[in-house]
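A, B, C and D label the chains in the order they appear, each numbered from 1.
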Amino acid sequence: MVISTRDLALAGADVARDFAAARAATLALCDPLSPEDCAIQSMPDVSPTRWHLAHTTWFFETFVLEPQIADYVPFKPAYRTLFNSYYETVGEQHPRAQRGLLSRPTLAEVLVYRAVIDQRVLELLRRLAPTDRPAWLRVVQLGVQHEQQHQELILTDIKHVLACNPLYPAYRQAAAAPAVAPAPQGWLAFEPGVRWIGREAGGIAFDNERPRHRVYVDSFELADRLVTNAEYLAFIDDNGYGRSDLWLADGWAKIHADGWAAPLYWVHREDGWHEFTLAGLRPLEPNAPVCHLSYYEADAFARWAGARLPTEQEWEIAVEDESIEGNFVESERLHPSPAPAGPRENAAQLFGDVWEWTSSAYAPYPGFRPLAGSLGEYNGKFMCSQYVLRGGSCATPRSHVRPTYRNFFYPHQRWQFSGFRLARARG
Amino acid sequence: MVISTRDLALAGADVARDFAAARAATLALCDPLSPEDCAIQSMPDVSPTRWHLAHTTWFFETFVLEPQIADYVPFKPAYRTLFNSYYETVGEQHPRAQRGLLSRPTLAEVLVYRAVIDQRVLELLRRLAPTDRPAWLRVVQLGVQHEQQHQELILTDIKHVLACNPLYPAYRQAAAAPAVAPAPQGWLAFEPGVRWIGREAGGIAFDNERPRHRVYVDSFELADRLVTNAEYLAFIDDNGYGRSDLWLADGWAKIHADGWAAPLYWVHREDGWHEFTLAGLRPLEPNAPVCHLSYYEADAFARWAGARLPTEQEWEIAVEDESIEGNFVESERLHPSPAPAGPRENAAQLFGDVWEWTSSAYAPYPGFRPLAGSLGEYNGKFMCSQYVLRGGSCATPRSHVRPTYRNFFYPHQRWQFSGFRLARARG
Amino acid sequence: MVISTRDLALAGADVARDFAAARAATLALCDPLSPEDCAIQSMPDVSPTRWHLAHTTWFFETFVLEPQIADYVPFKPAYRTLFNSYYETVGEQHPRAQRGLLSRPTLAEVLVYRAVIDQRVLELLRRLAPTDRPAWLRVVQLGVQHEQQHQELILTDIKHVLACNPLYPAYRQAAAAPAVAPAPQGWLAFEPGVRWIGREAGGIAFDNERPRHRVYVDSFELADRLVTNAEYLAFIDDNGYGRSDLWLADGWAKIHADGWAAPLYWVHREDGWHEFTLAGLRPLEPNAPVCHLSYYEADAFARWAGARLPTEQEWEIAVEDESIEGNFVESERLHPSPAPAGPRENAAQLFGDVWEWTSSAYAPYPGFRPLAGSLGEYNGKFMCSQYVLRGGSCATPRSHVRPTYRNFFYPHQRWQFSGFRLARARG
Amino acid sequence: MVISTRDLALAGADVARDFAAARAATLALCDPLSPEDCAIQSMPDVSPTRWHLAHTTWFFETFVLEPQIADYVPFKPAYRTLFNSYYETVGEQHPRAQRGLLSRPTLAEVLVYRAVIDQRVLELLRRLAPTDRPAWLRVVQLGVQHEQQHQELILTDIKHVLACNPLYPAYRQAAAAPAVAPAPQGWLAFEPGVRWIGREAGGIAFDNERPRHRVYVDSFELADRLVTNAEYLAFIDDNGYGRSDLWLADGWAKIHADGWAAPLYWVHREDGWHEFTLAGLRPLEPNAPVCHLSYYEADAFARWAGARLPTEQEWEIAVEDESIEGNFVESERLHPSPAPAGPRENAAQLFGDVWEWTSSAYAPYPGFRPLAGSLGEYNGKFMCSQYVLRGGSCATPRSHVRPTYRNFFYPHQRWQFSGFRLARARG
């Protein structure tokens, strides 16, 4: 993440406010959880909630306190390894797949760790004169963005943990989505040409959103809303999972190896399809966007529908003039919602609801430069074999979302709130 | 387990007393543990403490309450599957390797489950007239034995969980063992002949200890104490793990596949060998019995020492006239202790300290009959590819140990408190 | 294998004759095979035919020529590793699971290797004066026994290779078995008592058959013929593979993990059950002994039948006075045959047809001593987690079979010609 | 592959000539191989030579003969499954990883299969009037391209098979490369702008090279030769495999999981680095291009060198005006050669020597349309998680190479003749 000096006009009081708010928001997410809930790792991709709480704290201790405080005495030296996620240049890491084997430090101990580090960071921020805008302030802001990423991960990960339990326990009761029947999907048309993509200098952004650069984009059309559960059911009912011609070879192999025949969290019972949500098991809502899909499934549906997935450039062009509104974590629905009823002039659901798979492999922009030092590991080293998703989800904080924001996952992963919209060449 | 009618003279008040004591003892073992400690499964062989608490309760609900109470209303129907260990004839089981994925029911909820079922069992026992000695009383007693087995497993399993943590947290401080230097190992000699083996009719026993039967046993000699850490270190220092001629082929493959070069829980540091114990990481005690060994390692050491492991029959013959004294869980040392100093006339450490590997494959005794019904799955179906261990350990309750008791594990398993003593042909 | 000095009265001309005959018999087995057939390893347990041809030659080069010829120049130094099966004390081994990756030396080159080593061994034998009976002659005889073991393995392994091919090619046409309907199975009764087991001193035997020793055996009854395909089909039709109470826990796990529902090589087609044989796919012969079963399956059938498997001691006692007659490789049937029709006074099919699973874990006899040096690895190091089979099969050379002969395999293995007969306590 | 009607002016005699030449060239490649060589599959990616011989024949039988000949009688119905590579819409496939388990049909039988199908195809081509240019002629031409792809695979696969053999046998002696010391690497500069990429309509091309379309490409510089062994050794000697900051996260995980510390086929001996080649093990030639690298390794080297890999568009722009000359299979060197000595005005080694990794994920061009029917599976379904390689190798037939040709492999694969050249932003 690069933050220009100009943006730091708000620091440090404003940074302190953002910091405190983000840290409090993380804790609030844990309210409904027992210590046991916070201890479990249901697969290697998932981290225990308690680990998230500690790791985000480790981030501030390692990247803010240690470099800024002379003779810094670490809270606990062993935490440097225990809560290092993937920063090879920082040192050893407790193996990712074994995060769920740690019963200590307990939740109570981790909360103390958080409180102490929070205190130290705020103290550091307080010492900052209004005219003093050091580079490390940007790291605090990066830490806030990082905290927000883990807020979303806490929700996606605990959803996976709870879904492993045959009792299907709810995380918490959620706000109801409006019961509407959206209009059929329409298409928005875009002209060909050379366009600018990526975040301009200045303003908050991760390094992977930069530099802003030119691309040539052919004319195309983009769906004006997300694909729904009802539409995806039609694909299933048309033997979508049984027709090899619809699938990428890797996807065809995956659905057979793992026996996939529906999105993750769909459960078929005698009385029809249900979906596990953070509010428990509920009958499938036909008008809600389909969610928890792999890239393979999104791609196969698109082929079945005679369309394709958009590129990340097409998606970014389409949202250029859109305001960032949508169903974010603040709505407390914790689940994607149907598109508004009635006719649409603009695209709906661009932001929030679900991360939208694009057909773009996650790659560096021309001229990409990772952050200096260990923080250079933040994004760049993952630019291989993953696909870009755009737009944020119902588990993303509103303030975390940007039009140029690039999320990325492997094509087989589907425990994120991932869905998609269609695109096609202009006819 | 078969309990004769004669033994039930003590029932039902005495059974109620045993039941209440066993159930309380289990809870006491959990005192030092946090909810997180109780949630974690560090490998498929290990079960979370919380699962042990629930499963032992399930045992009484399934095998005592359900058959005895007309129109029995289960505490929670889903528990029948969740906490079924391996009883195929009872129904489905939550997969063993996924016991650690369950965060619900929480520890608090499981404790309620225990309390309710305890109440119901005691009520049932109270209804029993003094002259009334029904067959199901034997099942309650079997449940008490079963409870004791899981008490030991709670300790062995939590030791494995804590050992996975680089912080090496202690389970609790333990009573110190006497600091003694035992005399060198001597040999006790036994005559050849036809001998009786196994538990006679009457008295508490598992089905696998019966029927009592004759075997012919050649003359042999048995070591008068357990092999010590110091002796095992000499084996290591003599390149014991590097000499193929000392090892069974399966063992040689295993130590290379898993990189074994010392017993489980041994940790080499700059200042020498340490051992993880339930009281934390401690310098290796040279005079204590070596512990947490596989069958392969015990067998290789014996070959290196020019000896062999005893058969289970030899071991049983040797203990025939010995009183059941030793370092059991009641000593609160939670770790094997050195043999007493001074000269020995009888064998030391036969009971307690460590389960002793024998060279006997776990097999049915001639004429073996498993218990009727689902409880027939208790022991018989495991009589394949496992080896018999004898004598109980420092984690076994004193009242659980019998001269005829047959414990059994696969030859590669070493997370139990397993050690060994030597035997040899009479020269 | 231990051969007494007395037996060497026949040496060396007789040994040379045995050697030449065994070596020729091996080559004859390869007549029907193409170079491709001889190259393939269909699973780690299986070795390519070409590897068998080379390894048996390596045996004579390594254990006879190298020690006996001063300044011996190896045929090819690289073969010492390439064709070492499992002799750690000889040196490195080409990994077992990668024997099928070697295309060189070609079959033609291996045949040259055989011819050259044969010549050298015979030359060595010729040099032997009639009165000169050195210890190494015993090693040549061990090599002949070893050669015979690999003759059987060539057949069992090529059967597995060909069975992997959807074309089901035949190894060669086989002599037809007599079409008879054997009488129902009867029982032979044996008295209890202390009995002698194992091979007496003198005479050819492997080290694992010794020392001869006493055991106490209770009274028992032994089936007077092998279990047939028809009887095993009744077990299948009675849902034998679906009833957990019939199975050892390991077996129940295995049949589910690998989807077993019938013996290996059974193929169900529209017109009923077929069996892949060395003569190709043929309709299942109901009266032939069931074959290619795991220990788990034999054990489950026995439980279903209200019986059990015999111990190896019981089996040995039963054959004590029987002559070694049966359906061996010399019959050229290459498949087990129905028991003779008509009433039986003695047990049928004790030798030949199929190796009979016993309930005895493979363990050293009391006082067991492996051969000295590298040949000590021949048998002893495998005495763990395997079960003893007795009696030889339709793929075993007649002269290789002895009443005390102990074959051994893991309980899940079934690519050998393995079947079983029932036993039970005397009623 | 799409061939325009115009190109078919040459048909059918010319197609027959191409067909016959390609089929003969395949057979010629097998001359040095024994039946055993042709039988072995050394890893799932590798196919036995014999399988290649049969599969390319299957291609003509399935896609040319069956559709064109009424009541076509297949050579052997079972071959439809046995030799189907990955065409789901054609039907079942013998599992890829089990191609090496088939010993039948033998090499001799496969050669008969080839001869018969060749005859039938040529007969079909002969029946074609000079003015008659049917669509299926294009399929024959696709089959010729397909045959050429498998010619290269025969070489890359047999290299892997032979390299698994500790004897390091040579495929055949190879023509020597000129012993030259190329000039240091220089840079060629390219201007930014909108450029056309992909194969224009008409002319031979695979579907994945089309449609021709515009892209915007920034200014860049491209290395004027390939990276050499000497340069790659400098990377190794500078601890290149030990510095996490140089590696993609997936690559870092892979080199640790598989213990990679040098390119595939590099062997370190006492007298220095050697390389296994199709002519056997040879001392590493410092001036030859480095070969048999994964994408991860090429990418890490580029980062270490302060450069990056080119995109496939940059590479294509650079070769636009270059003639297709280089070290192809026809040179009979079967190994990449040093770049010519002396100063360079143009880039060297663009074609032949090694396939060059680009940084471009393999994706459909805008407006991509796969071929109709089963042949639509030829390329499109693999457009996921693979990277594009360009330019052909020393194992590629000269006539198979095109400037727009897109080869593709997974980033971890390195058994192909894969190397790379550097690129960088224009300074």
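Criterion: contacts are C-beta pairs under 8 Å (C-beta built on N, C-alpha and C of every residue); 3 or more make two chains touch, one makes a residue touch a chain.
Note that this is a predicted model, so its numbers are computed, not measured.
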item	value
Joint neighbours of chain C and chain B, given as chain labels	none
Farthest chain relative to chain C (centres taken as mean CA coordinates)	A
Equivalent-chain rotation between chain B and chain A, CA atoms, steps of 5 degrees	180
Length of the line joining the C-alpha centres of chain C and chain D, rounded to whole Å	47
Centroid distance [mean C-alpha coordinates] between chain D and chain B, Å	60
Shared-contact residues (touching 2 or more other chains) in chain C	none
Arrangement of touching chains [line / ring / star / complete / other]	ring
Pairs of chains found to touch, sorted by chain label	A-B, A-D, B-C, C-D
Chain C to chain D touching residues, read off their complex	34-40, 42, 50, 78, 81-82, 94, 98, 100-107, 161-162, 164-167, 169
Contact footprint of chain A on chain D as seen in their complex	86, 88-89, 194, 213-216, 218, 244-245, 247-252, 295-296, 299, 359, 361, 363, 366-367, 376-377, 381-385, 411, 425
